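One structure follows; several queries about it will come next.
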Amino acid sequence: MDTQEVLFVAFGGVAVLGALYAVATRSLLRAIVALGAFLTAIAGEFYLLAADFIAVVQIFVYVGGIVVLMLFALMLSASGKRHPLAAVDRPALGAVLAYAVGAGLLWATWSTELPAAGPDPADALGSLGRALLGAQLWPFELIGLILLASVIAALSIVRGERQ
Amino acid sequence: MMTTAALTLSAVLFAIGVFGVLTRRNAISLLVSVEIVMNAATINLVAFSRIHEPEAMTGQVFALLGIGIAACEAAVGLALILAVYRRFGSTDVDTIDLLRG
Amino acid sequence: MGAVLVAIFGVPFLVCVLLLVGGAVVSRRGGPAWERWKSLAGWISAGGALIALGLAVFALLAFRADGDIALRAVWFHVGDLEVPFSLRVDGLQAVMAVVVAGVAFLVHLFSIGYMEGDRDVSTYFAELSLFTAAMLLLVLSANFFVLYVAWELVGASSYLLISYYFERPAAAAAGKKAFLTTRVGDVGLLVALFVIVGQTGSFDYDTVFAWAADPGFAGAWAVAVPLLVFAGAVGKSAQFPLHVWLPDAMEGPTPVSALIHAATMVAAGVYLVARSYPLFEAAPAALDVVMYIGAFTALMAATIAVTQRDIKKVLAYSTISQLGFMMTALGAGAPEAGIFHLFTHAWFKALLFLGAGSVIHATGRQLVGELGGLARRMPLTAWTFAAGGLALAGIPPFAGFWSKEEILASLVAHHPVLLGVLLLASLLTAFYIARLFFLVFLGAESAGPGPEPQHGPASLHGGLDAAGAHESGRRMSIPLLLLAAASVVAGFFGAGFLGQPLQGFLSLGEGAAAEAHTVPFWLTVAAVTVGILGVGGAWFGYGRPVARTRAEGGALGFDAWLENSLGGAYSFVARGYRLDDAYAFLLVRPIVTVGRFLWRSVDGFAIDGALDGLANLVPKVGGLVNRVQTGEVRDYLAAMAVGAILVVALALGLFS
Amino acid sequence: MSLPWTFALGLLLGAVAFTMVGALTAVLVLAERKVSARIQMRVGPMHTGPHGMLQTIADMVKLVMKEDVRPARADAVAFRLGPLLVAVPAILSLAVVPFGAPLVMRDLNVGVLYFLAVPGVTVVGLLLAGWASYDNYSFLGGLRSSAQFISYEIPRSLAVVTVVMLAGSLSTVDVVEAQGRVPYVLLLPLSFFIYAITSLAEVNRVPFDIPEAESELVAGYHTEYSGFRWALFFLAEYAGLFAASAFGAVLFLGGGSGPLLPPVVWLLLKTGALVFVSMWIRFTLPRFRADQLMRLAWRVFLPLALVNLVVAALVMRAVA
């Protein structure tokens, strides 16, 4: 086990624990905080998977953006209740289905002979940039359009209700 | 080795996310669970990016796009949650069943 | 010149459109404008018919001077098949056009008076004009496709006119019966057209006839095609066994009967056979079928006519019988004789019908038992009717004599038996028409009040009885006089001693033209004798004052005597050989039974049941499925997860 | 290196970094007090140590010794997590500052982006702290702070993008190298201006200190904090100030490059100059109102940054 693998396992452990806590805790606030930890750990995994740009974007967008948004939503929607409790319902059904999904995925993963990871590109960042503005330009532009649309949508939803 | 580990992690996280989606009653919790699911998928993309044409970076590009989608989803979703909260005074999805047949 | 051909049928057609649109517009305004329009409609229509007549005469003369006139334009394409719109005038078609336009004009004129005050004259004249246009198109067409279109248009307008008094169930039923019965024959014609176009790739008369003249034409098609064409003619010309619609068609206004069901449309079948004579010439067997059916129809209808008590029914069966004569001539290889008879018959039968119309108009009655002695009150009608009757009976010098003689002559050489049959039919013809005349115009005026005024022209005059009858107005008498004149004169066009100008003009089938008939003197004597015998017999039975009083049966005493002496045979004949009953038993009842079965079991039970069941099932299933819609997001998410599991399973090949 | 050693080294480095940041904070606090005193015609702390130089050390010792008060109804986890999440990103963001050859902790090839992203986590901490305190002032402070942070992050990032475009790299070392003899402040003056102003807002410095505005919110999100946790906020603020200034020096002032002196010295000098300017501003200008603050971000700086970006891109294209 080299350092990278150790770190991978460590981040993975944090991620799994964070995710479990996030779905299991009765406190919404803690769920969101756990999600933040989970997301950060995932960012670490990205870094270890030679995707440092994705890792930083993960921090940027998820932790700096989405988690904050969630906290906002929580604080704006649970006025007066300082410790909003989120009940867990029908755990058996969820467990069965989740188990089925996870087992299927794991079985698929382990029963597939995966090719070895190739050497990481020398100029990874450059490759990513060229891909974004080259072969994948249309998806890239499209995501920009979707972001714009969702911003407008979010604004109009929140404003429209107010009036 | 690394790829299989990543995929395993992804599968576990995916299952956890699905569990959360199915059991949480609060809308924000649902969103949290969905984010877990999406991250599990993103791990897959990043991991596969290394074994499938690493130079093309397709997996990473799609991971980026996935993150972008997640941002959109969170923004709109949370806006909806706020709107719902204002209307129903709750973010518990079980109390909102206007569409009950 | 092509424009003239188009105008001949185009003018009446435009008149029809004008009357329909104008009627629709003006009738909404109602009031005086509507009344004025109604009185105008007949004149517009008659004017259109007059123009058509003038153009037809012009075309006839132009044809005599310059030969065939033709117009040809591409109508449309179907695949490789080019369907032309082509018209032409040759001898036969020119004569037909003049006859049709002429009778049509006179009938229009008569109708103005006859239909006066009717609820919707505008529509009546529109339909009449439509018929005129269609009939002219029929006789002017130069290919089978146009002919067929016109053929169906004629049938449709006939249906409309028969059912003109559609409030009367009998009239509506008669229209349907006419339409459906002729349709049986039309199918034959249609199939014939399929075969023709399939074999020749063309509808043109010339192409088709060239094909028929080809030696290769012999064989199955050679017999089948003319017989199929003849099937159409049988339907339209009311030949046995499809004649049953024509007596019922008398439910229509009497001028309509005169025009459509005596002079023109029913002659279309004869025209069709004559027109496609080259097809028949190639198949002697087909010609024999035509001949035998014609002869049988002639005799059968004549016997029935003797027993009928309704003026129009008598005339209807008379028409059938006369058409049988024509068919016989065609089948015997003398198309000129057949067309000659068609020509003369058109005038005198129209005359007879219009005379009957005049009587009905004046009295509101049409059963001979309720009429009598009208000669004094309606001398003009009586005299013209007599002229028509004599023409029909074949008394020289009236028109019918000349043409009937020609027909008989065509049988002399090869078909002596049929000659006898037709002579018998001629005897009966003279008998029944004389009977009709004696019963209606001679003897005592019938006593007692008339029947309940039916819907019809007479009802507008307050249900006149015979006593109040009076001569019809000038608008009705002028057509009668003109037709009477024609009934006298028409025969000379084809008379042997004048060199048969009409026949030469027609120039039909080559073989037939070569075989010029010279009428043997004995035949002339026989024909005239038969006619006189018939009239005399009728005088004996109905005309003598003694006869009219001799039995309790009154005027119809001789009928009663016949009925008594002939027993079941008489009623069998009187009921049209019970053909309607046979059809009802053989066709209608089974079809109705099957239909009712299908209605009740298949449609009512199976289909409706299935549909109702489905309809009931939907809300039930919906109610069940409805429960799936819990409105709870997490249930949907759970379903989605199940779906995801299935997809994963599929992707992993767990189900394969 | 075996696994335990790796962790041991990591812990050690963390401790060293924390200590260094603590020392840095002490220096900066002292400097601020001295600068403010000078601006306000005072002398500042004078008694502890020569010219009061040990005053901040004494204050820190006092803070650490103080009782850790936690409001009874506060959310324990969030309350504890808040200061940590504020302080740790601020310290972590220093990881990519290129102090010079031996002193770059990590030459990330996405260093610039890292610097923009990591402080963002601070917002989570601010919100948690404000929320967990169960106190209206704290709550409002947390919300305001995060709103302000998010708003100013956008023009700030856009300004930095121009630098990245010009340098052609996201690595801080490359950016410094790319500047060569001409610092970007000369090429991209507007970008520098935007960066400087928005950075003040990012670290909640006057005139953008609405979240902690003593006169209206008592002390904003850290009203309820005391002792060491409060010290963490304090530490985070000065660490953030230092990091922002250091990055300003790296991105626009040529980093450690300069004649004669070693790079570390040059960088510290330039950073110090920027820190001084911020202190200068702090004691010169009044603070904005909350609404003015947001309007400034969205209606002035965002359009300005966008125009700047487009113009810079066009000019670069034209020159190239």
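The first chain written gets the first letter, and so on, giving A, B, C and D; residue counts start at 1 in each chain.
In this text, a contact is a pair of C-beta atoms (placed from the backbone, for glycine too) under 8 Å apart; a residue touches a chain by one contact, two chains touch by 3 or more.
No experiment lies behind these values; they were computed from the predicted model shown.
Name the most central chain, where centre means the mean of Cα atoms.
Nearest to the common C-alpha centre lies chain B.
If you tally contacting C-beta pairs, which comes out ahead, A-C or B-C? Let me know.
B-C
Can you compute the centre-to-centre distance for chain B and chain C, using the mean CA position of each chain? Integer Å is fine.
Inter-chain centre distance comes to 83 Å.
So what's the Cα centroid distance for chain A and chain C, whole Å?
Centre-to-centre distance between chain A and chain C: 89 Å.
What whole-Å value do you get for the distance between chain A and chain B if each is reduced to the mean of its CA atoms?
6
Using Cα averages as centroids, what's the distance between chain B and chain D in whole Å?
Centres of chain B and chain D (C-alpha means) sit 32 Å apart.
Got the chain A residues that touch at least 2 other chains?
53, 57, 65, 72, 89-90, 93-94, 97-98, 101, 105, 124 - these are the residues of chain A that touch more than one other chain.
Got the chain C residues that touch at least 2 other chains?
Within chain C, residues 634, 638, 641, 644 contact more than one other chain.
Which positions in chain D are in touch with at least two other chains?
There are none in chain D.
According to the definition of touch, which chains form touching pairs?
Applying the touch rule to all chain pairs gives A-B, A-C, A-D, B-C.
Using the touch definition from the top, list the residues of chain A that touch chain D in their complex.
By the definition above, chain A touches chain D via 1, 3, 6, 27, 29-30, 33, 36, 40, 52-53, 55-57, 59-60, 63-65, 67-68, 71-72, 75, 82-83, 124-125.
Per the contact definition, I'd like the list of chain C residues that touch chain A in the complex.
Contacts found on chain C: 634, 638, 641-642, 644-645, 648-649, 651-652.
In their shared complex, at which residues does chain D touch chain A?
Residue positions touching the partner: 1, 3, 6, 73, 75, 77-78, 81, 108-110, 113-114, 116-118, 120-121, 123-124, 127-128, 131-132, 134, 139, 143, 146, 150, 153, 170.
Under the touch definition given earlier, write down the residues of chain B that touch chain C in their complex.
Per the touch definition, chain B meets chain C at residues 18, 21-25, 27, 30, 93-94, 96-101.
Would you tell me which residues of chain A are touching chain B in their complex?
Residues 4-5, 8-9, 12, 15-16, 19-20, 22-23, 28, 31-32, 35, 38-39, 42, 45-46, 48-51, 53-54, 57-58, 61-62, 65-66, 69-70, 72-74, 76-78, 84, 86-91, 93-95, 97-99, 101-103, 105-106, 109-110, 114-121, 124, 127-128, 130-132, 135-136, 139-140, 143, 146-147, 149-151, 153-155, 157-158, 160-162 of chain A touch chain B in their complex.
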